[in-house]
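Have a look at the structure below, then the notes.
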């Protein structure tokens, strides 16, 4: 059974048809690439997937269950989490607190817990803290735990977003242009991180403009153009596809 | 970050707070102890509103309505109006439930929408509740209309009435000082509960929502429920303050619950520093005493110009408005800001 | 039937005034996504200024039409200046601040305007000069005062003209472009700051007109009158779909009708237990219901925040 199955997704904004009949599947613990020129609808697809937008048409199935449309927190709790193209860490919280927020959906202490602050609550809080520190180590930010998130470099903020997303305990992690604006060495580090995440049994759906970078990472790639699925196939197939080359050259490519 | 434990203030500060009403009575007279008691109720209100505005970042412009709901709940359950004379320990939980119920009923339709709708809906609610208080006199006379409800039972626990002087260990305890200690207890409890929340899983979630609601929801936070919780909690604090107010004052009428009062409490929170308890307490005390500072103005004008040119109560409200505008422009974090909050205001 | 028509007429009159005010809310919200809480107070100031001017001019023996024109012009002048000052001094410096800041400023400015008016005009009620337009004619049993005719025709004319302007003129296009996408509009060479000022000017001028109309209609003006009126006009804007200009007009008129009919009949239905003293509850209940079931309003489009 596929982990994620999106069928016939359409979404429009006023006169703009941002997505039209787009389908895509992600197998468990695989890496899938989503590419396409600017304005192709990639981010919109993520927004529909994660419940930020409600699709006009189409169905979304995750691990055999329909995904709740328009309810981001329930999508996240179902195991599908994302990062944002225009980085959205909680800017004035510390790096550690950012990741601790990610644990919210998996922890339970409520109002009375906060007030009485009993042993169970304190233990949970300690577990959250230790878990968050563990994740920061994982993405290489352990030295920065106490820093205010907005003071981090661009690349570090991207990794923080990933750590925060991992804290929710996802089965599918969706990354929106995780290496945008990064140099070669940083791209290498990000690829290594992505492979490590996959090795931990988490599937990834990655948006990226740089076809070569994504091709070395992914099993399968889907290409969007003008809101429609232009092609789908293995990395090699996509790189050889004349339509894809045309679409990229026609729009002026990034990579 | 290490969670700061509630810090115990030095002993002398604690003693100072305990002795304050005695000192004030000695220096300024009994009238000022009464003002001090009312100031503590303002602190309670401000601490409640701070949960909504300071922690969750929601603007509530009808906060005084919850104060009104609590006050009328007490008035109806402990006065000749219905011949009911419930004890305090029974009224308080009832009032809490009623206030929370109102909070949820109002918050529910708006909290899924953009934040500014909450502002206008709460503002409307604050006004509408007054329409009801003024008019719910038929078919049964519930609120007694604009005259309000009088002869409300004084605050009392068992046989101990807070409206009468007592003698404790041979020391005479004036009624107003006894009330001060009762209100102080509530304020300390409110501060304790607020502080615990601020540094809990829920407080962290509120902060995340305040900073980026979409990102918070995308990380699995049920933003609507969390906002509703903040909103209802604020309502509860306001309701409790209202109950104490009714019992203290002995009568309630709709005119105590106007938009101006809501703006005043907002001003207390903003002036002190949204999200920072110390600031909020300072702001509340400062503004609670403001009318007393301005009061002599009327007399002076009478003396010098033989008429009152600037009505002190108008001036007070004008100052609230100006304070809000000036603070938002030059010092949005308030006088005693929380650190995270100060950064939030200055980097976006 | 006659009562019904009478209520419809009264509602229409009220609705036209709501529409004028609602347009001010919707124009500002459409561009800045800000609820300008002080807008209702501009209406109040419009009423008080025009009242004072008409009285003074009449005192000098000026004929009524001239006095009225003078009152209107003066009120518009004052309101427009205040509108510009409001935007420049209070809102513009906060354009990039967290959202709470302009909202709190707006409520603060509302308080400032209200209490300044209390200082200038006192806390009492002022009766509006008799315009001699209240002598009613009967039309099939329905009482129509010339004043109602002037209010309805005048505001419909004004609203129609404005909508036409915004749909057709280059300036209107620039306004709509700014509302849709301020950044793109700026790239296209539109001076968005000027457009924003313009929006405040239009809103304030309409508020002044509405102020004169409510004052004349109810024959009374008071420094707190802007609050409820503002709340209702905002409800009208939400009902029509906030940000949508025709929606504001539609919402205003609907709300006026709803209120007049509701207040008129509610008393009958409930054996006078709930009479017209609950009429303010109507608009509030409307606001809650719209937000609950159809937050984008009648003509509004639901535009999700770009993520």
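Letters A, B and C name the chains as they come in the text, with residue numbers starting at 1 for each one.
Here, contacts are C-beta pairs under 8 Å (C-beta built on N, C-alpha and C of every residue); 3 or more make two chains touch, one makes a residue touch a chain.
Computed from a predicted model, the values in this text were never measured in an experiment.
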*Does the chain-touch network form a line, ring, star, complete graph or other?*
complete
*Taking each chain's centre as the average of its Cα atoms, which chain lies closest to the overall Cα centroid?*
B
*Centre to centre, by mean C-alpha position, how many angstrom separate subunit A and subunit B?*
43
_Between subunit C and subunit B, distance of the C-alpha-averaged centres to the nearest whole Å_ = 32
*asked:* Distance between subunit A and subunit C based on Cα centroids, please, to the nearest Å.
replied: 46
*Among the residues of subunit B, which ones contact at least 2 other chains?*
214, 344, 348
*Enumerate the residues of subunit A that touch no fewer than two other chains.*
52, 84
*Among the residues of subunit C, pick out those that touch two or more other chains and give their numbers.*
307
*Which bits of subunit A are touching subunit C when the two form their complex?*
13-14, 43, 47, 52-53, 84
_Complex contact set, residues of subunit B against subunit C_ = 53, 57, 59, 61, 106, 109-110, 113-117, 119-121, 123-125, 127-128, 131-132, 134-135, 138-139, 214, 259-260, 263, 266, 270, 310-311, 314-315, 317-318, 320-325, 328-329, 332, 344-345, 348
*Which part of subunit A faces subunit B closely enough to touch in the complex?*
50, 52, 72-73, 75-77, 81-82, 84, 88-94, 96-97, 100-102, 104-107, 109-111, 113-115, 117, 121, 124-125, 128, 146, 148, 150, 164-165, 167-168
*Any idea which subunit C residues touch subunit B in the complex?*
33-35, 37, 90, 93-94, 96-105, 107-112, 114-116, 118-119, 123, 227-228, 231, 234-235, 238, 273, 277-278, 280-281, 284, 287-288, 291-292, 295, 305, 307
*State the interface residues of subunit B toward subunit A in the complex, per the touch definition above.*
1, 3, 193, 196-197, 200-205, 207-208, 211-212, 214-223, 229, 233, 340-341, 343-344, 347-348
